[in-house]
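Below you'll find a set of structures to go through.
Paired with subunit B in one complex and with subunit C in the other, subunit A is shared by the two complexes that follow.
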Partner chain A sequence: MQLLFEQLLNGLAIGSIYALITLGLALVYGILGILHVAHAGVYAVGAYVGLWLYSLSGTLLLAIPGSMIVCAALGVAIERFVYFPLLKYPPYVPLISSIALFLGLEEVCRIVAGPDLLTFPAHLPFPSFTVGGVFVSSTLTAVYSVTAIVLVFLWFVTTKTEFGLAMRAASQDMEVASSLGVDSQRVVDATFVIGSAIAALAGILVGIYYNQVYPTMGAMPAYKTLALIVVGGMGSAPGAVLASILLGLGETLLIGFANIPMPRDALAFIAMIVVLMWKPTGLLGRK
Partner chain B sequence: MLLDVSDLSVAYKGVSALHSVSLQVQEGELVSVIGANGAGKTTLLKAIVGWEPAASGAISFAGDEVTRMRTHLRARRGIRIVPERARVFTHMTVYENLMMGVYGLQNEVQVGERLDRLYDLFPILKERGSQLASTLSGGEQQQLSIARACISKPKLLLVDEVSMGLMPRLVDQVFELLQTLNREEGLTILLVEQNALASLKISHRAYVLETGDIVLDGDAKELLADPRVREAYLGV
Partner chain C sequence: MKVKALLLSVLLVLGLLCGSAFAADTIKIGLLAPLTGFAAADGFSVLESVKLAVEKVNSTGGVLGKQVELVYYDDAADAKQSVPLAHKLIGQDKIVAFVAGSYSMPSRAVAPIFDEEEIPLVAAYALHPDLTNGEYCFRNGFLGTTEGRVAAYTALELFKAKKVSLITSDNDFGQTLSEGFTGYLKKVGREADLVLHQTYPGSEKDFKVYLSKIKDAAPDVVFFSGYYFQTGPGLKQAKEMGITNIRFIGEQGADSPKTPEIAGDAADGFVILTNLDRDDKRANVQEFLKDYRERHKIEPDMVGASAYDAFMIIIDAIKRSESTEGKKIRDAIATIKDYDGLTGIIQGFDENREVLKPVQLQEIKDGKFRHFGIVDDIELIKP
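And now, the complex of A and B:
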């Protein structure tokens, strides 16, 4: 019982992290219809920049916002200089560029920071406590809190602000939104800023959670998040969050708790195949 | 002159769709452009709203050239469109759709007053305010699309094939509404229609577009009586 509870807490944390990474992908797909594979590269860069700023300054209060700003700028640069000129071509063209960009970002991390695994020995100033004999570490509470804050922030922006309304409108019909006075360029920029900044946050959290940062840390998220946006429903941010949390819990319970001998990373793809067969629009997808 | 399109050519997907089209709309007028499917009517509106770039020629609006201006800036100047098939935001509520109509104009437009006015004209929108727009019927979506375009009190309303897919009874209703908006609010309307009879009946003037060229134009009543128009577009 206690083990189950512990596994549930871990699964929730892993699911939360998946959600933070997948959100950016879902937002970008929603607005541009592009599979932004390089997003996982942005996430790895976020971890590295966070670690670098942390080792320079010794405080996460500087490292986290700093890394978020760098990644937001990187995201907008990718959008402006890579995707924007390619939007007039069929969707596989930006997809191929995105994969190339992802591999390029991995190599940049390797060249700049070296191929070795680095540790991220930061302490997250969140409380730890014991519930029913189960220890909830400060790292876990940090992951939960940060995810909750991000989700509430996104919910507020998209449902309660005029600009958020415009973002939702543009993701449904960019042309019509612009004919109502929405500057589509600004909406697209904002989408990349938000998605990339959250990816930076996820990169830092993962670095601290596993105490490791390495050049290929984006490889697994790169393909797993693709499966997740399919499961959640293409372009649906709530669907992406739901699918991520379920996958985190499912991976931990099925493989960690029930000891089913299956590579844990396979579960996302099994889920994707099942969803495609049973409900191709995804859990919360639109038509 | 509110809208002055001069020698406008537009290529749509690499094929020339409009050849040197010239067209004028005065303030307060209701003007229609009639023509068969594929004549370039929709392309004309797309060029005016900024969805399709002009290959050559000029579009000026309220005295300023807007030919290369981006769509959202034209919208801010008061050009609004009711697109073909309404294109409401189906995953947003009816009320949110209306609020998109005053995006960025909350301080310039008396939103409450405008809502009351539009709810008078389209009572269904008040009733269905909190429903998703996808739950509306085709005719209701057209009404929402018109209301969304009109809530900001635009200077020029472009209407693209509003009768398409509507039952005949609804077509009359929608055209009557457009006429009301034109008469009572002084809204200038440029209407593009395959349903020549219904649109000529409510228009002041009209243009006939055939495969990218304006072949005829004049007073709507005269065009209604013109044998060429009657034969080609009114089926008599």
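And now, the complex of A and C:
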């Protein structure tokens, strides 16, 4: 029983990390209908910029906001200079450019920072405690806390503010929203700012969590997040979070109790195929 | 236009001919290493260590009265890249022997090519059993079965473990490691003491799921196989989870200064099976360690020392055979005996061209690899 509880906590942490990376992808798809693969590249850049600022300043209080600002700018630049001019073409055109952009960002990280794995020796000041004989380490509480803060912030912005209303309107039909006075360009910009800033946060968190930052760290998220937004329901942020948490738990339980010699990464795609066959709109998708 | 193109190509051919005419004054040895890509740190160590070996040979008069020239390319640890580079080394560079300084997949892809051309190959540290299938292919590293066997011996005999566990990756290396490990347990009649055997996918970085199970099974010793980017976070996570009374042992994949860098003080007490002893008193080892540290300000490691030895084994064979002919070099490598290498006294190669040499045990203390022990029982180390 204790082991099960411990494994659920481990799975929840993995799921939380997936959720932080997937959120930006879901937000962008919701607004523009583009599969923003380069998002995983923004995530890697976020980790590198965070590490760089941390090694310069010695404090995460500067590194985290600094990296979030850089990535937000990068996200908006991608939207303005790459996706926006391509919106008039069929969806696979921006998708291809997004993949190219992702590979380019990986290479930029490699050329600038070198091919070696770097360590991120920062400490996250979170408490550890014991519940019912199960030890919850400070890294686990750090992951839970950061994810919870991000989710609450997003929930507040999207449901309780005027901007959130504009965002939801634009995601339903951008043209109609525009004609009713919604500044859709601002909404799109803001979506990229929020998504990319969260990706930076996720990059730093993962970098510290595994104590490693390396050029190809976005490779796994690049494809797994695609499966996750399909499972969650294309463009649904709550769906993406739900799918991420479920996948984290599923992977953990599969390894923890079955010891099936199957790559855990396959589970995301099996889930994607099942969802596409039985419920193509995803867990929380609309239409 | 046509004339111009013709002239140009004649010039080009002449240039190439001149190039190879000059090159005949040196003895060329080929090397492929992963200088970019995920294994770039290993590639750097391989290349820089072999460069030290080349300098040592050339500064003492070269070999057969000629200077040695190292011809190296980057294969990015990718078989698709290593194959054309192997043809280039053979056809264009005319190398006389080859040091396989890369991982198993790219090295395995090129081994038959060199074998076919009768160019001797010495693999530095790649582990796949098929690598040495060809008559011209030798290995200066341990097979997975050997490492698994010595790991089991270390756990049961040196650490007196009552219960042991095994964590291996789900690839062929993990498979051969666990064969060696369980084979030894079977031989000494203690199969029942293996309380948990867990495999993980090669991309794994989060070991908490496995560690929770380990904690539950409560073994005394865990053989935790994996690269530094896996054992590093794994050990760190174990400490965070409050696992302090279990001894972890690893293998040569963890032989990198990155392991203690990633794991921090959680790496202290981690014992690995490898083939470089940093506290080896022999002058050649200390000289190599000193030169490497001075030049690069980082710690030398197992892959570099193994590549250095692979190169020197070839040079030694050229010297003894007094020839640069593939067949003669091959025969000289096959009959090498008690060669004084960085990675220990190389007793020789067996009939399958696998190396016979002691396994070094290193323990991480204060972030550095230090001498822990040496296993030279022939029953344990023979492939």
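Rule of thumb we're sticking to: the second predicted complex is superposed on the first by the 285 of 287 C-alpha atoms of A that agree within 3 Å, B and C clash if a C-alpha of one lies under 4 Å from a C-alpha of the other, contacts with A are read in each partner's own complex, and residues count from 1 in each chain.
In the analysis below, contacts are C-beta pairs under 8 Å (C-beta built on N, C-alpha and C of every residue); 3 or more make two chains touch, one makes a residue touch a chain.
All values reported here derive from a predicted model rather than from experimental measurement.
Superposition of the two complexes onto subunit A shows subunit B and subunit C fitting side by side, with no clash. Looking at the shared chain after the overlay, A:Ser179 reaches subunit B, while subunit C stays out of its contact range. Once chain A of one complex is fitted onto chain A of the other, the partner contacts of A:Gln212 are limited to subunit C, with no touch recorded for subunit B. Vertex at subunit A: the C-alpha centres of subunit B and subunit C lie 150° apart in angle, rounded to steps of 10.
Once the two complexes are overlaid on the shared chain, A:Thr161 sits clear of subunit B and of subunit C alike. In the superposed pair of complexes, A:Arg264 makes contact with subunit C only, with no contact to subunit B.
With both structures placed on the common chain, the touch criterion links A:Ala169 to subunit B but leaves subunit C unconnected. For subunit A, the partner with contacts to more residues, out of subunit B and subunit C, is C. Contacts of A:Thr59 after superposition on the shared chain: neither subunit B nor subunit C is touched. The superposed three-chain arrangement places the nearest Cα atoms of subunit B and subunit C 38 Å from each other.
Subunit B meets subunit A in the complex at residues 49-51, 70-72, 75-76, 79-81, 83, 87, 89-92, 96, 99-101, 103-106, 148, 152.
By the touch criterion given at the top, residues 2-3, 6-7, 10-11, 13-14, 110, 114-117, 119, 121, 135, 137-139, 210-212, 214, 216, 220, 252, 255-256, 259, 261-265 of subunit A touch subunit C in their complex.
Considering their complex, residues 162, 165-166, 168-169, 172-173, 175-184, 286 of subunit A touch subunit B.
Subunit C meets subunit A in the complex at residues 36-38, 40-41, 44, 170, 198-206, 208-210, 212-213, 215-216, 229, 232-233, 236-237, 240-242, 258, 261-264.
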